[in-house]
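Residue numbering begins at 1 within each chain, and the chains themselves are lettered A, B, C and D in the order written.
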Amino acid sequence: MLLEGQERIPSGCAVTGVIDRSGKGMTGEDMIRSIAVMHDRSNGLGGGFAGYGIYPDYSDFYAFHLFFDDGAAKTATEEFLGRHFEIAYASEIQTRKIPEITDEPLIWRYFVSPLSRKLESSHLDEREYTARCVNKINTYIKGAYVFSSGKNMGIFKAVGFPEDVGRFYKLEEYSGYSWTCHGRYPTNTPGWWGGAHPFGFLEYSVVHNGEISSYDANRRYIEMFGYKCNLQTDTEVIAYIFDYLLRRKKLTLTEAAHVVAPSFWSTIARKSKEDQEQETLLRKMFSSLLITGPFSIIVGYPGGLMALGDRLKLRSTVVAEKGDKAYIASEESAIRVIEPDLDKVWAPAGGEPVIFELYGGRK
Amino acid sequence: MKYVIIGNSTAATYAIEGIRSRDAKGKITVISDERHAAYGRPLISYYLYGRTDLAHIAYRSPEFYEKNGVEVLLGERAEKIDAENKKVLLASGKKVPYDRLLVATGSRPFVPPVEGLDSVKEFFNFMTLDDALALEKALSPEKDVLIVGAGLIGLKCMEGIADRVKSVTVIDLADRILPSILDEGGAAFVQRKLEERGIRFILGDSAAKFEENAAYTKSGKKIPFDLLVIAVGVRPNTELVKEAGGEVARGIVTDDGQRTSLKDVYAAGDNCESFDIASGTRRILALLPNAALQGECAGVNMAGGDAHFTNAVPMNAIGFFGSHIATAGVYEGECYEEAAHDHYKKLFFRDNVLKGYILIDCIERAGIYTSLVRNRTPLSDVDVGLLEKSPALMAFSEAARRDKLARRQ
Amino acid sequence: MKRIYVKEKWCLGCHLCEYECAYANSGIADMVKALKGKNICPRIKVEDGDGVHFAVNCRHCTDPICVKSCIAGALSREGDGMVSLDRDKCVGCYTCVMVCPYGAIMPAEDGKAAQKCMLCTDNQMNGEPNCVKHCPNGAIVFEDRG
Amino acid sequence: MNGTLFIYPDYEVVRDYDKCIACRVCERQCANEVHSYDPDLKKMFADNTKCVNCHRCVCLCPTHALKIVKSDNTYKINANWDNQTINEVYRQAGTGGVLLSSMGNPKPYPVYWDKMLVNASQVTNPSIDPLREPMETAVYLGKKNAGIERDENGRLKDTLPPQLKLSVPVMFSAMSYGSISYNAHESLARAAEELGIYYNTGEGGLHKDFYKYGKNTIVQVASGRFGVFKDYLETAAAIEIKMGQGAKPGIGGHLPGSKITDAVSTTRMIPKGVDAISPAPHHDIYSIEDLRQLVYSLKEATDYKKPVIVKIAAVHNCAAIASGIARSGADIIAVDGFRGGTGAAPTRIRDNVGIPIELALASIDTRLREEGIRDNVSIVAAGSIRSSTDLLKAIALGADACYIGTAALLSLGCHLCRSCHQGKCNWGIATQRPELVKRLNPEIGYRRLVRLVTAWKHELQEMMGGMGINSVEALRGNRLMLRGIGLTDRELSVLGIRHAGE
């Protein structure tokens, strides 16, 4: 059978996320409870979490999480990392042995910072430099895969049901101000750990429920800009699109949402002249980044979460607020299970971005 | 408003429609000495010929009078117009008051005072439906018929009865048939056709004396017959107006709104004159379309409208045994002529207009010629060469054609 | 009222309208059976000139001279404005032929009555004029121009 | 032998005498004078030698008594020397001239459109019903590679070069007034206006009457520069530099003097009755840098307000050429495949030069993406887009929009008799003879074009909906939606698609 990257694998899923806008830390346990309610939306072939604010002590370093198939891959990777980065700290990620999670690869964490000499001679900014290094490892080092590469955030994923994955990674030991979680229902993967979600790229992480029909149009376009869609998954391409629009084109989140899930032309025609101009311009400039087909995503980034669904609302998304906390999930029950008494619950319209950020704004 | 109409044929019918186009309420009374609702008067020959029957001969639908709120006094003869008191006196003694009066009394057959005519037992006029019904009763395949008069009425009568009697002979003082509408060539063409059908003509001669079953001509011929029809002409019924003091020439004199010289008295139809634009003279144009147009004009004006009838033109469509004649206008001026075995055609041009035409067995689209005569269309505006060959809208300018076909004219 | 109008600019002079008219008024369902071997007698006629063609049929005049000239009362203007011919009343005198300024009334094939365009209301076409339907170039239209 | 040999006609008129009513419509409608009526026999006859198989008579015969069949007259069967090949030798031996043909390449080369299959959603991803949901077909053509700039309020500034907005990704190909009739042009112009798309003047100038359709007009600047002047450029929505044409790559054009009527001569700004010859190359463009100069000359002339299209024929190295054009300042590249139509071309060139649009389009799109310059230009594919599926497949291969020429002409009545060069088009399209031109009533013609494109739009929407795509932007370059059938690995690789079942 073909792995992710060798073949395009559609999948259905469940997503959930939470943020405490006051910046207070939460363990990953609520996420586990939340995703467990949606057990039937996963099939045991992938689950994962992203936590933000979990590495306050190393917040200036890129936190690389890697899977290695074997020692050789690890050696090659560490050699590569050594040539490009200062490695502040490296360790195996602590896991809990449980019968539900098997066949684990080597799972390592590195806190790194680009070597200043190398960075200078590359004429790239630090993030671009780091991004390209991540791409190189993933593309060229056989058996090595960077699945998390942002600062002060981390992704934890595995083959299995997400609630088991959460226990496996001992998420009760981490504390973050925001979390997202994903349970996967792929249709034909043997289950490769790297193929589980969230998908992260630098600080951006994406969890996604859906199957986009615009995939190849989006992929062939985004690959013009140095991205390589090795996994051939929706989540990967969506993550790259947000990285491209937010980091490289410096669009706002809302603008990026208007690119990815734009209003219909007929809707735009009814908007104010100003909005018409802005949204038309975005559609004209980035028409190849329009995503069609069902999706419901949570984009995690330093300081916030954004929920966005496709413009026809072919996948459900529910958002809710309770005090400082805000919730996003595929189903309301997944929110109610962790906070039965909500201030406000609503279902955003298709294509309407819902953004929750720390009171201080994004980081 | 009380409208009274004396007469009940074409002019009367159109007068009713003319009145009703402006006045839906005023009372209309029609006085007729005939006992039938209005019928197509020229149809009496077609009735005998078998082209129509009593069920179809009516000029309008049976509900016409009721629908238009018309009181019809049939079999009542108007004796006198009391113009001063605005009343019509009937033979029955009734008096019918009017606010507006139309005299549409038409014409009557002229019967010449010929010696021995009263000895003829089977003697008929051919003017009314009653005439035709009476004649029909007398028809029989054994009978020889003599028709005096080779004009329109005489020859239509001839066509109507030819197949129902043993023989028909037509005699006329004129040297040709249909002298009022055909020139010599045309008359000869038609005569030849009719003679091929077995009709006998005695022309340039007249009946000088009658016995019960024979006529003696001026030239001394004896013509035996079983049945005699006199159709030498008609006289307009002008007496009512004349006796009331109205101006009468050959026919009743009216203005172009059909007003007589009597206040609130109008006249229309075969009893009055019109201005013939083709000849430029005032004359009686005893033609059905003319009666219709005059009647309608009179009706509109009686109801307070302002209609004018100004483009009267003599024209006739007549046919015998499948042969068809159409004529219009006057036969003066430069002539374009086609005389072939199967058709006869003459067009008369003068003063840059088409003055008249004679078409025999080539009547298709003749109306295009008629409109040129009626409208006095300048010939410089049309392609005369094309028109001579056949009537066609192609002969008009593109703009005129466009207007015509788009109904903008 | 909807009437038939012709557009000279687009008339190709193909004469299809004449055949379609003759067919429509034949009372025969099959065109070949209706027209084969016959000299047609259509109610619409195409005039051909030098590079100019147009079809002519009854204009359904607002003030129709034919109606006023009819000796039999067979022609009438109906409520909707259509000039209608009652063939049962017509005796074939052709006064209407003599007065129609468009040359749009003609003797019927049997010579016993006149005929004119009745906008296909009196035949198997149920009021959908067949000449209009089959004109290949939109040169004959059925429109309400008031 | 005096030099000309009788060649038995390829096609024969077959008349069903049981059905023929001798109405003579066929006779009146045949400009080739094939049909005649014998008044003595009261019978219609046909002279097959004059028939070009345009089907005018077949279509107009009211009793459907006519058909045209392929003649079964044959020389001795010879797989190498087929009838047509032999006849062409006879013709050339008789005339000593170059064989001329019209419309697109009729030879049995592979049609890749017919070897690609389209995907649809099942289970994991819902199809979308275009009758219930918006299904967007609008596209903007032009450069997309502008930088992000913001005003003092932080709002995005519109820095995009001029764009063409299409309500549906279809445009009418360049067909000059002269090669086609006034009425054909009017039909195209009015249809483009009603549809919210564009038609293309071709190299024939723009008739004064059609300036009012300027906002839906692409004006062409070709090697003969016919009809090019200030107003012409300013009236248009976009300007197309024609470097080549799919039907006849490498050669110019030739409109015979007989088609240069008063109006054509005025519009083209050339003498009446004299042959109009477009040179093979532009004599001011012998290299890519020369093209860049012309692109910018035209932009200068029109104040940078109009997109400039560069149209090339699909030839072997078109991907490299396109890469050069994408860096030349051009906003749009139009690529015309070898099955594209023409009003006249040397037969040998039409039938043997150039490559299929499918391959050219795929390689150009791939090449521009590899070089990261796909956003520099939009790509318009042309050269026998026959249906909505061809259109859809072209977009999935990477086209932003398609030009349709032959399909547009078919909807105007063309029956592909391929005799345009004879100037006697019985359908009033490829002719300047007034009595024939009038056979195409633009009132009918434009509506048929509108209906055709509308029908394609509906089909495109239906198929997009089936794929779960509700905006045509998400179909562009979406090659996963295509699978090859019966193609070799090499062909699949050029097309950049997988085989069906993979």
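As a convention for this text, a contact is a pair of C-beta atoms (placed from the backbone, for glycine too) under 8 Å apart; a residue touches a chain by one contact, two chains touch by 3 or more.
These numbers come from a predicted model, not from an experiment.
Compared on C-beta pairs in contact, C-D and B-C come out with B-C as the pair having more. Note: centroid distance chain A to chain B, computed from Cα atoms, is 103 Å.
Distance from the chain C centre to the chain D centre is 43 Å, each centre being the mean of its Cα atoms. Averaging C-alpha coordinates per chain places the centre of chain A 77 Å away from that of chain C.
If each chain is reduced to the centroid of its CA atoms, chain B and chain C end up 28 Å from each other.
Counting partners per residue, chain C has no residue that reaches two or more other chains.
Chain A has no residue in contact with two or more other chains. For chain D, the set of residues that touch two or more other chains is empty. Chain contact topology: the protein chains form an open path, each linked only to its neighbours in the line.
Taken together, the chains touch in the following pairs: A-D, B-C, C-D. Chain C contributes residues 3, 5-6, 8, 47-49, 52, 54, 56, 59-62, 65-66, 68-73, 88-89, 91-103, 105-107, 111-112, 145 to its touches with chain B in the complex.
Chain contact summary for the complex, chain C toward chain D: residues 9-10, 12-16, 19-20, 23, 31-32, 35-38, 51, 134, 136-139.
Interface residues of chain B facing chain C in the complex, by the touch rule stated above, are 14, 40-43, 46, 51-52, 56-60, 288-289, 292-293, 296, 315-319, 322, 324, 326, 328, 363-368, 370-371, 391-394, 398, 401-402, 404-407.
The touching residues of chain D, when paired with chain C in their complex, are 18-21, 23-25, 28-29, 42, 59-60, 62-63, 65, 434-435, 438-439, 441, 443-444. Those residues of chain D that touch chain A in the shared complex are 121, 124-126, 128, 133-134, 136, 138-140, 144, 146, 148, 155-156, 158, 160, 163, 369, 372, 374-375, 398, 467-471, 473-481.
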